[in-house]
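Shared between the two complexes below is chain A, which pairs with chain B and chain C, respectively.
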Partner chain A sequence: MRRIIKIYLQKPELVALVLLFALIVLFQWQSGGIFLNANNMRGMLGLLPEVALVAIGVTLLMICGEFDLSVGSVFALMPMTMAVLMTQGWPFTLAVSAGFAVCALVGLINGMLTIRFVIPSFIVTLGMLFMARSLTVVISGGFPPRLQTAEIPTWLFVSFVGPGQLFRMSFLWFVLIAVLVWVLLAKTNFGNWVRATGGFLPAARATGIPTARVKIACFVICAMLAGFAGLLQSLRIGSVLPSMGEGLELQAVAAAVIGGTALTGGIGTILGGIIGATLIRVIDNGMVLSRIDSNWFKFAVGGLTILAVVGNAWLRKRGRDMKVET
Partner chain B sequence: MTTRLRTLSLAALLALGTTAGASADQLSIVFTHHSSASNTFWQAVQRGFNDACTRIEADCQMIFTQTEGAIDQQLSNMDAALARSPHALLTSIVDDTAFDDVIQRAVDDGVIVIGVNVDDSEGAAGNARAAFVGQGFRPAGYSLGAAMSENFPEDGPISVLVGISAPGQNWSELRGGGVMDFLEEFAAANPDRDISWERIDSGTDLAITADRVGAYLNANPDTTAYFDTGFWHAAVARVLADRGIAPGEILLGGFDLVPEAVEQMQAGYIQVQVDQQPYMQGFMPVMQVYLAHNFGLAPADIDTGQGIVRPEDADAIMDLSAQGLR
Partner chain C sequence: MTEDTIIAVRDLHKWYSGVHALKGVSLDFRRNEAVGLVGDNGAGKSTLINILSGLHQQDEGEIVIEGKPVRFNGPRDAMDAGIETIYQYNSMVPNMSIARNIFIGRELMKFSIRRFGWLDEDRMRRESVTAIADVDLHLRSPDAMVGELSGGQRQGVAIARAMHFRSKVMILDEPTNHLSVKETNKVIGFVRSLAEQGVTAIFISHNMHHVMACCDRVVAMALGKVVLDKRVSDTSIDEIHAVL
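Presenting the complex of A and B:
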């Protein structure tokens, strides 16, 4: 039994999961049972897939040993590209493809610059954060076009489905993509290459892994996931604003770290990133239900986030220190 | 190589000469404020500013901050702008003390300084600016509350949520304060009714506001009205629609006539919106500078609006709003 507990305590994503459950129980109790009711879940499950998709991309990239701070800007650039093109008469399929092409291009540029000039991705993507945000404003001329929802199959992305209309289609997309990326990371050679590249780059190179291509692929996947998440949000709220996604990059990095992804690369799981993103959303939502005063709101969210990370680290240490018979 | 350098130097000198020549002949006006380029509201201000500058053939520049509400960046932008000795400085005054020195220095150097959009909470006594063009935030909040009260139920309890979009920032706090001033008066005038209000940190992102206010309304379904200090309640309207709540069951009101908000007025979910005419806030101070510079006329305060807009006005406003004129 102790052996099992030790194994699980050392799995960072499972420790985060324990904390997530603890917070859910706390908020459910504090809100008098409202936290888990259908209406609140429906609201939370609307925003969660969007944040979690960005977190999945960032987690993958961090496991590969790189950062992407431009995801918040790409989150806005993709739907803005689509909306602007649609106002110029482009059909949805072409406009959305062009949006994804822009995301892929941003990821490609991030990756190429990072690798070709051996610049920390932190710096490259910080630059891209500003450039992509600026492009979002420039292509909209400052006045975002209205989404032509009549020409967009919104049902495919955001309509309510499932028992009690609890989920949106975006949640199903999120689950599908999470499974695909998990399979990619856990069950394919590419996944091993990603971990090896992020874990110890010289050794990965020495064993013949195409580390440059692996990193570039991760940058592209990360940018495209951010763009898709932006598309989902813009369709859900029916608007594209140039300011959407501001600050999302920090949330995504925080989600990955809370879920146990190492800042140094090589270690982490997609499940961890998802749990981290869920934890952040649960804290935000739970704080509202707890009727925290607005002046203290950010303090409370920040404090609980730190508590989650400290609790995570503490439980992991307890797991490591736990002695079991061999 | 030497020839190329000489050519480049000559071109640079010519360019500098041209710029210097232009600034010597033209009225030069710099507009600094606390917002980033991705803020739709400020794009409308910029449109008014640019149109006015074109009309008087002035050399104009609007300088945005990199991050929303960054006072330090605005201050640095003001210093940089004043180093070029413009004829006039237009600026938002979002802090009561931070800009006092730089405004005093500008005035001492003969620069015409006009406060725009946000003023010192002490008004003209707060610093050396010549005039203020914009909305009185606290009175505007009060007006919003008063206009919305016409939709309050005639008897029974009144439970109000006030969303402070940016806790700690003058514009948001003052608008929210104005709403609560009215509610206090309303409660005093109706001592036999149970009238309560609460404030939350509602955020400056459509998705976040939807999530937080949605959670609050879920926990407090008897809420009578939600007031937002910006336009982000447009996303709350979508939450209500998704939940099958009919327009008017929960009253919504806020500020600024962005297309998202006007659209929800047309749908019946938003009952009252306060217009502060961003285009006018960009246009009028330029005209004041022109008159002051050419004819010595002292700039005067202009209240750009506590204009109450109701659903019946929405259709007429939509086109103007989409063009950034309202």
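Presenting the complex of A and C:
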């Protein structure tokens, strides 16, 4: 029994899960039952995949011991690339592939620079944040291009489906990708390498893991997930804005951290990142429903981030200090 | 080089940004022999070990394993050749379980495509329990995090890992650093038992008493060269100190 309690106390996503549950109860009560009704759920679940997909990528990368600040810019660059190419007459499939190729390239450059020149990924991706955002504006020519929705199978990404039209297709994509990345991290040898690389780099190297390639792969996955999330948002709102995704990189990091991912690497779970992202969406939505001045949103996210980390550190220590036979 | 030479090192040179760290080292390591490698900091012990374990590559010279010249491009090559290294800083990831740590980089898989595949967690767990029991270590669960173990227990898991993969040569780089007296004695006893199991041990230590207690032969290095190479029974701590 003690062993089980010990294991659960050390689960990195525990605090976030408790907070999420508490907030849902609070908002449900505050809003007089509106929070969990179908209409509101529909709105929340429609927005969730966008932040959550970015958070999944950032969480994976942080477990690997690296960091990506450029996701917010890639979030805009991907759909912008696609939209601009489509106005040039490219068919959807080619344009969307080109968009993903750009994301992969950004991830590759982030990873290569970080590893080749042994500089913190924080710096590399900070530079990329500006560069990718600038590119987005440059290729758009300053004006958002018209998204040629007639040629895009938007139903595949944003149409409402499910019982009572409760969620959008984007939610199914999100669930599918979340499961895939979770499997990758928890069930495959690649996941083992990611965790070892972020957990203790010298040990990973000494056991012959190709740590550079593992990190670069995580950078690429992270950038591509950010791009896909951007695509989902642009299809949902039916337009590509050069400013979309601004500030998203920090929300994604906050989501990962709230979910128990450590900045130092090696610790964290995909589920934690998703719970963190859900918490951010719940706060955003719940505050509106509770008629709280929405300018408090960032304050709440910030407070939650600190609270979750402090809570996590405390619980982990309690768990570690708990005496069981090894 | 004789019949039972397992690793022969010939005229090895290594420069680190202008520093001549190894100046023509030649050594033979024989089967079932425990060799103590001693020397001051900067004597070239670690450089030699890093080359033998594939972390670094020599600039000149040759390594011959069981009669075949080899060149290691990474730790994996050395492992595949049967050389396992246990480092002083511990080659374990603290936030991963014992079972996962034992199989890092050499995961057991249910199925795989090229190098990637689905982990066989049950088998890894089962085999790590056996591997740990084989080195006389008593841990209740293979799911415990390595970070929760004591220094001695961690070293034990590292040794269990090396034994599990049936290494022919085990390099122990200062394995007794930061260990209690009791744990140190356990490691020394273990090094002594390696020969019976047909494993060559290369034991690096600052502590001459530890080396004399568990090795058959002692090699002393100073300033990138071998300055003494004798059987333990033919030398003394005083003689080794004199050449260093």
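As a working rule, the second predicted complex is superposed on the first by the 287 of 326 C-alpha atoms of A that agree within 3 Å, B and C clash if a C-alpha of one lies under 4 Å from a C-alpha of the other, contacts with A are read in each partner's own complex, and residues count from 1 in each chain.
What we mean here is this: a contact is a pair of C-beta atoms (placed from the backbone, for glycine too) under 8 Å apart; a residue touches a chain by one contact, two chains touch by 3 or more.
Here the structure is a predicted model, which is why all the values come from computation and not from measurement.
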| item | value |
| --- | --- |
| Touching partner for A:Gly266 - first (chain B), second (chain C), both, neither | second |
| Greater residue coverage of chain A in the superposed arrangement, chain B or chain C | B |
| Touching partner for A:Arg320 - first (chain B), second (chain C), both, neither | second |
| Touched partner set for A:Lys187, first chain B, second chain C, both or neither | second |
| Chain B versus chain C as contact partner of A:Ala196, first or second or both or neither | second |
| Partner chain in contact with A:Leu108 - chain B first, chain C second, else both or neither | neither |
| First, second, both or neither for A:Thr207, with chain B first and chain C second | second |
| Chain A positions touched by chain B in one structure and by chain C in the second | none |
| Parts of chain A lying in touch with chain B, wherever the complex brings them together | 31, 34, 37, 39-40, 42-44, 46-47, 50, 76, 130, 133-134, 136-137, 142-144, 146, 160, 233, 236-239, 241-244, 246, 281, 284-285, 288-289, 291-295, 297-298 |
| Parts of chain C lying in touch with chain A, wherever the complex brings them together | 53-55, 74-76, 79, 85, 87, 89-96, 100, 103-107, 109, 112, 115-119, 139-141, 144-145, 148-149, 153 |
| Chain C-facing residues of chain A, complex | 3, 10, 187-193, 195-196, 199-200, 202-209, 266-267, 320, 325-326 |
| Chain A-facing residues of chain B, complex | 36-40, 43-44, 46-47, 66, 68, 164, 167-168, 198-202, 204-208, 210-212, 214-216, 218-219, 234-235, 238-239, 242-243, 259-260, 263, 322-324 |
